[in-house]
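Here come two complexes built around chain A, the first alongside chain B, the second alongside chain C.
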Partner chain A sequence: MMIKKENLIWIAIKTGLLSGVIAIFLCLIGMVEVFSKRDVIEHIITLGDFILLVSAVSAGVIAARAASNPDQEKQPLKNYLAGALAGLTTGILIVAFIGLSQTINLRSVFLSASPSLFKLLTFKGGTSWFWIYPAIGLASGVLGTTLFLLPEKFRQPITRAISITFLMALFSGLFRVIMINRAGSTAKLAKYLFGQTGLTLSGAIIFFIAIIVISMFWSARSKNLQEGFSRIPKRGQTSIRVAVYVLLAYVVIMLPQVSGPFIAQVVVIVSLYALMGLGLNITLGFAGLLDLGFVAFFAVGAYTVGLLTSYGIFGLQHIPFWVAVPIAVLVAMMFGAFLGLPVLGVRGDYLAIATLGFGEIVRLLAGSDFLAPFFGGPQGIIGIQKPCLGTLGEFLKVDVPRICNGIEFGGPKEIYYLAVASAILVAFIALRLQKSRLGRAWMAIREDEDVAEALGINLIQTKLLAYMLGAAFAGLGGAIFTVLVGSIFATSMQLIVSINVVALIIVGGMGSIPGVIVGAIALIGMPELLREVSEYRFLFYGAALIMMMLAKPEGLWPSQATLRELHHEDPGEDLEVASSQAKA
Partner chain B sequence: MRTSFGERLLDLAVNGFLWGFRILIVVIVVLGTFLTIRAGKYTSEQWIDFVVFGISQGSIYALIALGYTMVYGILRMINFAHGEIFMSGAFGGYFIATWLTGIGFMDKYPVFGLIISMMFGMLVSTLIALLVERIAYRPLRGAPRLVPLISAIGASFFLQYTFRGFFGPGVYAYPSMKALDGEWIFFGIGILKVQIVVTIAAVVMMSILYSIVMFTKIGKAMRAVSENKDVAALMGIDVNRIIVTTFALGAAMAGAAGVLYALTYRQVNFFTGFTPGIKAFTAAVLGGIGNIPGAMVGGLVLGIVESVGPALFLDSIGIPRPYQLKDAIAYIMLVMILLFRPSGILGERVSKKA
Partner chain C sequence: MSILNIENVHTYYGNIHALKGININIEKGEIVTLIGGNGAGKTTTLRTISGLLKPRDGSVSLNGEDILKYQAHEIVYKGISMVPEGRGVFARLTVLENLEMGAFSRNSKEEVTRNMDRVFTLFPRLKERRTQVAGTLSGGEQQMLATGRGLMSNPTILLMDEPSMGLAPVLVELIFDTIQQINKEGTTIMLVEQNALMALTIADRGYVLQTGEIILSDTAENLKKNPTVQKAYLGME
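Showing the complex of A and B:
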């Protein structure tokens, strides 16, 4: 396959058009405007500018790659031509978009095509945008091509430095808060590196250079370091590992003290989702049963704890949290069996929809007037007792919270420990389960139900256990969520919770326990920390799910089994795909 | 074959539970119906209203279900984003209808106005469906089954929140058409004009689709591909083109349904597509997935049960405000079909094979 010259130009223009359309799309959904309120580098580049720039630069990279596609040979002239053309097209398309917006009123259809967006895009009025965008586009295209042409040795540190500096900028608020809380020189350093939102120019440069240096040093030395580590005697290795764990534990324990309640709350939510993710990972990741109604078990756990400990009108109130949690987990397990039974024979896509129906039924019932005498209906359950380590004070009267003589887990800073400890416990259980006989039976079912049955695995028992254990974890998550918030409403048991959990498992890597934790941090933690982004989190979820499936269906931190399954498909299937593609 | 006592006990318990579940549902339905009819709380006119509403609602479900069923028939995949494609049709119809009302065309030629807004809704949703197919589904053909399903869930969310970004979280009120206000009287019974128009339009669309599938060359090719992709390819059918056509046809039906749905409820929102999407899938399963007449029957049955059900089954057995549980009835029906007759009313394929 040789790419001819005119073909090359067409590919470059096509790439440019595509990235231009993406840039316009980002403008029209209002992302550019919202993101422009936040700086990446203070007073220089906002997040809005950054995403537009990224689309132009990546157009350059893609076009340059396409230009030297046939033989992977780099021909700088051709590559630069393609990259520059792609960048230029992107710029021209944005100019066309702005021009269009000045002739017709896009606002009548697109809500986000507001005057303030165009004020932003045209640099507060004037006509300079007419040449600035093509110029920036051209420059970004050239930049992208240069990135592509750089030898691997330099390209990797630079891309890594850009992305890490960008992440530092995104989370600068977090670092700033932590560092400023420490008085003295740390606070001064924080003010030097971090602006109000984003990095300062000097901070960005420092990070950028530091990461390049570290990364180049690392790629040169990492092999030596690993070898050095393996040369240390066994006892030495163990003690290094122990030291690392102790350090990690120290960081985990000290974090809420240093960072304040907001960060603690975010960690609690991440741990809760990790908990539920580990639960669904049993049902979906191990046993391959796609459950889209996972929120039902979360709801059962939450309502059980709520009903048992609340001092509101629906509560029993005399049961302490520590007794209520095991009950909630048990009830959730029973519920898992109850919902699992009818769908035992249902497989695949049908199961997804049937369980989705279950989730909705639970939400509708909990919020209905029919069951309102028990579950409070739309009013929900309020006044849930906080967990208390120590004795509870005198039983005064109904509708009055009891006093805790001891440590009360009142706010996110205390519940943090509860949540993190539960997550670690559950991760440990999941890890043990995975390697047990039961875990292997689940995986056998995932691979092929009929063969598994033929091998003597009791399908009913094994599947039911998968549902029940998954439900138990979700119930625990619900229980902790309840005491964190202090109230339950049926409206918070939306399908979106289930989708969140599914998404984090998929992104992290199905069937992989570290993957679940990575997924929870990436999908739940990041949007919680980034207020500007949280408005678009579900858009990101959707895009992330599609892109993961297209590019990396095994997830960020895959388990070995999925890797094998996805990358060594049987040849017959490959042939089929090839033939259908040949037809196309 | 050695089975331990415990295993047999488990089997027994499972079967007992399932039968108990079935019997419970039957008892609720029979008892509820009996008590309601004896109590005579609703007049016959009210019942007719329920049924007519159910038919118009059900015909919308049937239109959406067609898209699910056709795509499933060919690709064996649930197009989870189909509900969002339906919603995009409703939005497309909204903008064109608002514009037509604004320039006074809608009041002068209501029939043409309706047809134009339906055409435009169909166009919008077809374009979006083709885009989704190209980006999110086509590269994943031949991948393990879970992969395209998850991609479809992603596409569904992406579309929902794209529309939210475009048009905001608010509810758009559909312009009212004077020609559709009020009732027509048949045999002394007043029936809302909107419901009649919606039903007729849906039936027309379904018959167009049915004749395309049954009597045209491309329809024949579609049936061939859904029967066996490889053999169809050997017969010289361009499988890829047929798949794209199927998506386009299904999306066009969903777009038309979106406009009709918006006419009935007079509002559009970025979340509009979710519930009807799930229900239409229920309808497709009810009728037997992969089966085109099945989707139509399933849609009608679901619409009627959903509209009659709360009053007929639940009201008299002491459930306050049974209409809150209208959606729950649809979901319970879905689970019941999977339990009682996984192949659906008209279907032959068995869901256990899925």
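Showing the complex of A and C:
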């Protein structure tokens, strides 16, 4: 029994130390300081405070969980002891860190350990920090333990309320702008709920309570609602569905009008990444062919449109955007085949390296002095025509530069419609492809190439089609990107774009079409919206990927096959499928 | 009339001479077994027939037509189907989806339904488990699935690679009974096995392969009595 107790204390301290180290890490990379400029609840809690609090509270939760033994009866005291100890340790570690920083100059190594950080951490000087951190740590630990001990019925609404309120606070600027634009009582409400940054105290309380109420009501009634829905006759169900779609469509159409150009631009970028993601989802998600140079096809689409429509010196033609786009998609498909042919026999890791090389080659060639006479080299291609919807006569006119007398897709607010419509169209095509004969052939190749071939699937044709269709979608994305920016530079076709696309597919759920959209929103949209976060974007990517792999390896919105693979109830005696490699 | 004719086939893995001029002849309606130890070239022979490996020399003909000119995926359309070694089921797909994959080379819906019914009659177990993920089936069920998948293209000749591998004796017997049943229904079978006794029990004729060469060929009955076979493959003195 004694040994057990010691173990428990040690686990609690270890958890506390770990979360303390994380808290110190967040301070040292400058995140706490940057985030403290932004309020979660106006004048009360900043984002910087919030992340420190979260680390202490989660230490409490983890320690409390470690303290509970499912075989024994509940001993809340033990849980509280562990949770409080873990929280306290976190606090003490932060105190030690501040103390250390006052005796030696950390800044010679850690650039972000600035005097202003410590001014912040010590509450503008004084010595109160010496007891405040342990006290807050202790309280957080107790709070974490309480959260852990609460029955599921209460815990779920509370955690949900905390996280949604937090999200509301993060995106408060967004809601505020939308609501204030519409004058009158909405504007007054907005000022009541949202502060300059973050929520007002009353706003936070209102959201928190509202979400708890809705959440509890929902968990009590959702079953009834679902049953009620299934009891409505078929025709009624269809009309409800149609109504939901119409409402969604209305929101999508109206969004740029109420939100302004910034949000529209974010949605455009998300849609472009979604287009690339849907493309890579075909090669990687469906056919299982890892491509780390996917940005190359995006570049091909962008450059084709640029060369065909620019009225700058590199413009070869001045054809309208609408004619250039199908050509760009075709050229991207050709490049897909061009990449696909040499790497047909290459599998797995080797394929990743080969495609990585291809992506870099395309970028370097496009930006090289060698090809500068054609692609502008480092100067890029500028003066790209905006798409214009006008009369047919307008369409055929070839004066340079073209003056648009119809609807011009000039800024993000207009290109929004182009990008969103393309993403929806492509998602629909991908959905149809997934269910087609070709989709099944891709699936078979992903699972086992040799068996697939032995079943009558033409590997060469099927793989090439995967590369070509994936490239086509990315090419379309590139074409829209070009007119959004109005210029192309080889420097925007970095490797990191390809990596982002792979990451969003993994986070969303490999092989899942809704997953791609969710992944694009989570990995691309969120950091774009949160200016403070974008500085630490890659830290978040890394953390998000690791967390996903540990907690939800199937992705946010997984495909059926992945879900089954990772969560089957009864794995048979021999799960491993011996490769059909020749052994004879 | 012989439906499958393998003449003087030489297959290589890079520089390794795996098949050194083998001749095999299979008549319509037969069960022919190919026995031999590890590394004798049994799987290589099957992979050569199904087009996954291309021989450097020799000929493989089906119903008198040279099939070496076809790609592996085209050979399925000619009526040769393979049940790979180690089963090779698509672990993440359901039983039903696996079977549908087997019918990839068949376009007629009625034919697919007919073949599916046939498979479910042969393996009632698969029907019970049709919505289950293949990876969660037991070894025996996976073997049934692989065999069923091979039958979905309604082949004239079914190549089976080590169907008894890693299975309990009871299951081996069940699988071999089914092989006989499939044969009775009119499918010619070429069976590669390390379990020589079982294979020779159900087969009409057999070939003994040793380091890439056929050292013996006879009726199954005679092979069973052959002292060399008894000593090397049946574990008798």
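The rule we apply is simple: the second predicted complex is superposed on the first by the 548 of 584 C-alpha atoms of A that agree within 3 Å, B and C clash if a C-alpha of one lies under 4 Å from a C-alpha of the other, contacts with A are read in each partner's own complex, and residues count from 1 in each chain.
Just so we're on the same page, contacts are C-beta pairs under 8 Å (C-beta built on N, C-alpha and C of every residue); 3 or more make two chains touch, one makes a residue touch a chain.
Values in this document were obtained by computation on a predicted structure and should not be read as measured data.
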| item | value |
| --- | --- |
| First, second, both or neither for A:V346, with chain B first and chain C second | first |
| If touched residues of chain A are counted for chain B and for chain C, the larger one | B |
| Chain B versus chain C as contact partner of A:E152, first or second or both or neither | neither |
| Partner chain in contact with A:L356 - chain B first, chain C second, else both or neither | first |
| Contacts of A:P553 with chain B and chain C, given as first, second, both or neither | first |
| Touching partner for A:N458 - first (chain B), second (chain C), both, neither | both |
| Touched partner set for A:I506, first chain B, second chain C, both or neither | first |
| Chain B versus chain C as contact partner of A:E447, first or second or both or neither | second |
| Contact residues common to both interfaces of chain A (with chain B and with chain C) | 458, 565, 569, 573-574, 577, 579-580, 583-584 |
| Chain C residues within the chain A interface of the complex | 13, 18, 38-45, 47, 50, 52-53, 71-74, 76-77, 81-82, 84-94, 100-102, 104-105, 133, 135-139, 141-142, 149, 153, 166 |
| Contacting residues of chain B [partner chain A, same complex] | 7, 10-11, 14, 17-18, 21, 77-78, 95, 135-136, 139-151, 153-162, 165-168, 229-230, 233, 238-240, 274, 278, 281-282, 285, 319-322, 324-325, 327-328, 331-332, 334-335, 338-339, 342, 351-354 |
| Residues of chain A touching chain C in the complex | 437, 440-441, 443-444, 447-448, 450-459, 561-562, 564-565, 568-575, 577-580, 582-584 |
| Touch list for chain A against partner chain B, complex | 25, 28-31, 109-112, 288, 290, 341-350, 352-354, 356-358, 360-361, 364-365, 367-370, 458, 460-461, 495, 499, 502-503, 506, 536, 538-539, 541-546, 548-550, 553, 565-566, 569, 573-574, 576-577, 579-580, 583-584 |
